Amino acid sequence: MGIEFENVNYKYDKRNAKYAIKNIDLKIDSLNEFICLVGHTGSGKSTLIQHMNGLILANSGIVKVSGSDVKKTRNINSVRRKVGMVFQFPEYQLFEETVEKDIIFGPTNFGVSKKEAILKAKEVAKLVGLEQTILEKSPFNLSGGEMRRVAIAGVLAMEPDILILDEPTVGLDPKGQREMMELFKKIHQTTKKTIIVVTHDMDVVSEYSTRVIVMKEAEKKFDGLARDLFLDQKLLEELNLKKPTYIKIAEKINKKLNRNYQIGCLSLAELIKEIVKGE
Amino acid sequence: MEIIKVENMSFSYSKEEIFKDFNIVINKGEWITILGHNGSGKSTLTKVMIGLLKKETGIIKINGIELTEENVYDVRKNIGIVFQNPDNQFVGSTVKDDLAFGLENLCLAHDEIEMRIEKYLTKVNMLEYKDKEPHNLSGGEKQRVAIAAVLSMEPEIIILDEATSMLDPKGKEEVIEVIKNLSENNTVITITHNLSEAILSDRVIVLNKGKIVLDGKPLAVFKETEKILSAGLDLLPSMKIANKLAELNYQDEELKGILWELNSKM
Amino acid sequence: MNVIVGRYINRNSWVHRLDPRMKILSLIILMIGTFMTSTLINMLWILAGVFLLILTSKISLLNFIKSLVPLLFLMTFTFVFQVLFNKQGPIISTLTLNLSFITILLNVVVIIGYQILKRFRIRGFFWFLLTFAFIIYLYTLNLGTPFKIINLNLYRDGLTFGLFLLVRIIILVSASSLLTLTTKPADLNNGLERLMKPLKVLKVPVDEMSMMISIALRFIPTLLDEVNKIMKAQASRGVDFASGNIKKKVVQIVSLLVPMFVISFKRADDLSNAMEARGYFPGMERSKFGILKFRFSDYLTILFSISFLVGIVYFDL
């Protein structure tokens, strides 16, 4: 069923002419999508994802989650449970005495029994790569990367249909960033759940996404495949976006050595294949 | 001429040993990049160097003067630090006031303060934001103010401790542009975990578990792919390509020759 | 957000341009003045003066009325108390209340009606007053056979003194509002620091206090932002901040407070590092950039304020 937007508009200040999001039409399936949401600071990305979770209600237009209108639904928690949201620096939302208690906080709020939630906590802790012994520790004694995993586990434990992550790799070192993205890829592959990642990193977009949505000045400017976006020079300039590393490198090699590599290489593997093939 | 000299320094955070008999010499006018993953001790090192954290043993000399508990405030005047979080180092209620804060600490007269504010805000291209309040600025703008604030105190050494890691790509570019200009006339120490930010510097140091594992010109350091990987860092794209091609036993001298140039722009 | 960060409204008026020290001093003088005034007429004159200041400050009267709203209860209570219990001076008029079964019955009907209307969100202080007045009015009517008659006397002094206190509260509140509405919090803090400077002799840490206030003011918007973010994060984990029983409320508050503590400490730690790295340590000698200079209008104001005080003392004797 997923998420549907029909002509959604929102302004933070109704007297002001400035839209936060404008005329948004969008359909997101709850299965098999890995969406990267891209756009400069202030382009409306964050407002958009908050609509998916009922944290912001549209001024006009309809937002449907699993077929039911978010504005008309009596129990907003039924929406919030279906769409799991991980904010920027999620480690700051931890507050319980132990990791386990923090992970079961979400599920128990949504009416899951404590016993079931604890079982679930063990499962998601394993999924995000935390050791079982950590469950009894205080979340405040963990490293930054571990805390972030605990916070993500807490959202996963709610068993949402769709997982939204707002810049999940900010503040991590390159190794941590890669591990984090690989984690989402793994979750996506094992559960088939749709994942939406807000990011500024074009390399993440090119390597992981099955679909890219670009926001600019409150409007949706692109919705499609990464390859189509990155090969459209004019569009990239208009949206003020950079190309991913390996496309840039392929172009440079072509220019410097006068070669004819295909420039649509979205990852290292693709570029290597292209180079080796050319022999 | 050496401007910072750390000799046999040891330091621990509540029992956990971070540095043991650590040595480093930094020369005047150098742009040096300290690389390391989160938790490698790179931020701790700077804090120890300016006495924000107290070393256990060893000697730290700044500009030839040994750092002691008595002279820490004076010696610190030679060093300015820009920290990671743009919000948490903005002291004043406006851009102008933020610069004034440091200058007041130096006990400068009003006219001198006024002059320096103008001069250094111009340097980071923020003069027209003089009367703006922090919550009306973007992350990149706040970070440029932080740099101006540090510069205005006219220290000999400027440390940028992951100053770009919390910024969006636009903010990053703005700040890196400013750093490039700085390095022409100052001793600059940048701390980062991104190899691509180290390419332009004069010297690179790779830190792992409180020890220097690599030290040298960027080109030379980046050849040591194994050591870089084991220090928890990510390789540059060109290095990854070279490695993969080597694995496949693919020979292409022409391509190999230009790989380094492919990284040129950060 | 505006409530806490000071309610400064940016306009270009002479009141805005005055030196903050002058404004603070004048406010203090005005306060002393209102306490030295003893007649209603003089008090009304002062009110007229404050009103004139407000008009020339280019700030809408609405802002001042807003600042009086929270004190509505106190003002009404003071006034009613005086009218009912101050029994000095000649009687102006008498209110005869007839207690009969019919009036009591009607009274009950009115109260029930009021409670029912309240459910439909028709409430508020003015409704309450209106209902109250209506009930009193019921008792003045001669309905049915009264079993008891009460005579309520209205004394002149009760009325004037009630009004007198009322006007005093209005003057104090609107004059302080005028100060905060026309002065930036940072300037206010700066002015206070300068005025308190003599206290340094008594080892009062004036500089540090003022530094604390200015940092607090600087971080309030940042922390409010943070509260908002944490609330949203917890809301998406199923916390409903709008409702819940006491047990749930406790959990809600804890889920907000613990993260806020962690964040605030982290920020404080970072900030203290940044401040120290820029050469600050508490108690140090510092120069001052924001120089406050008295101008002609400032001298005129302080002269006026002092002569006002002298005038009050003179006329009131």
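The chains carry the letters A, B and C, assigned in the order they are written, with residues numbered from 1 in each.
Following the convention adopted for this analysis, a contact is a pair of C-beta atoms (placed from the backbone, for glycine too) under 8 Å apart; a residue touches a chain by one contact, two chains touch by 3 or more.
All values derive from a computational prediction rather than experimental measurement.
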Q: Considering only which chains touch which, label the overall pattern as line, ring, star, complete or other.
A: complete
Q: Write out the two chains that share the greatest number of C-beta pairs in contact.
A: B-C
(Q) If I average the CA coordinates per chain, which chain comes out farthest from subunit A? (A) C
**Q.** Averaged-CA centre spacing for the pair subunit C and subunit B, given as whole angstrom
**A.** 49
Q: Report the inter-chain centroid distance for subunit A and subunit B in whole angstrom, where each centroid is the mean of the CA atoms.
A: 31
Q.
Could you pull out the residues of subunit C that touch at least 2 other chains?
A. none
Q.
Give the list of subunit A residues in touch with subunit C in this complex.
A. 50, 53, 55, 76-77, 80-81, 83-85, 87-88, 90, 92-95, 105-106, 109-110, 140, 154-155, 158
Q. So in the complex, which bits of subunit A are touching subunit B?
A. 40-41, 143-145, 170-176, 178, 200, 242, 245-246, 249, 252-253, 256-257, 268, 271-272, 275-276, 279
Q: Please give the residue numbers of subunit C that touch subunit A in the complex, ascending.
A: 229-230, 232-240, 254-255, 257-259, 262-263
Q | Contact footprint of subunit A on subunit B as seen in their complex | A | 37-39, 138-139, 165-166, 168-171, 193-194, 232-234, 237-238, 240-241, 244-245, 248, 250, 252, 254-255, 258, 261-262
Q.
Touching residues of subunit B toward subunit C in the complex: what are they?
A. 47, 50, 52, 73, 76-77, 79-81, 83, 85, 87-94, 97, 100-110, 113-114, 134-135, 149-150, 153
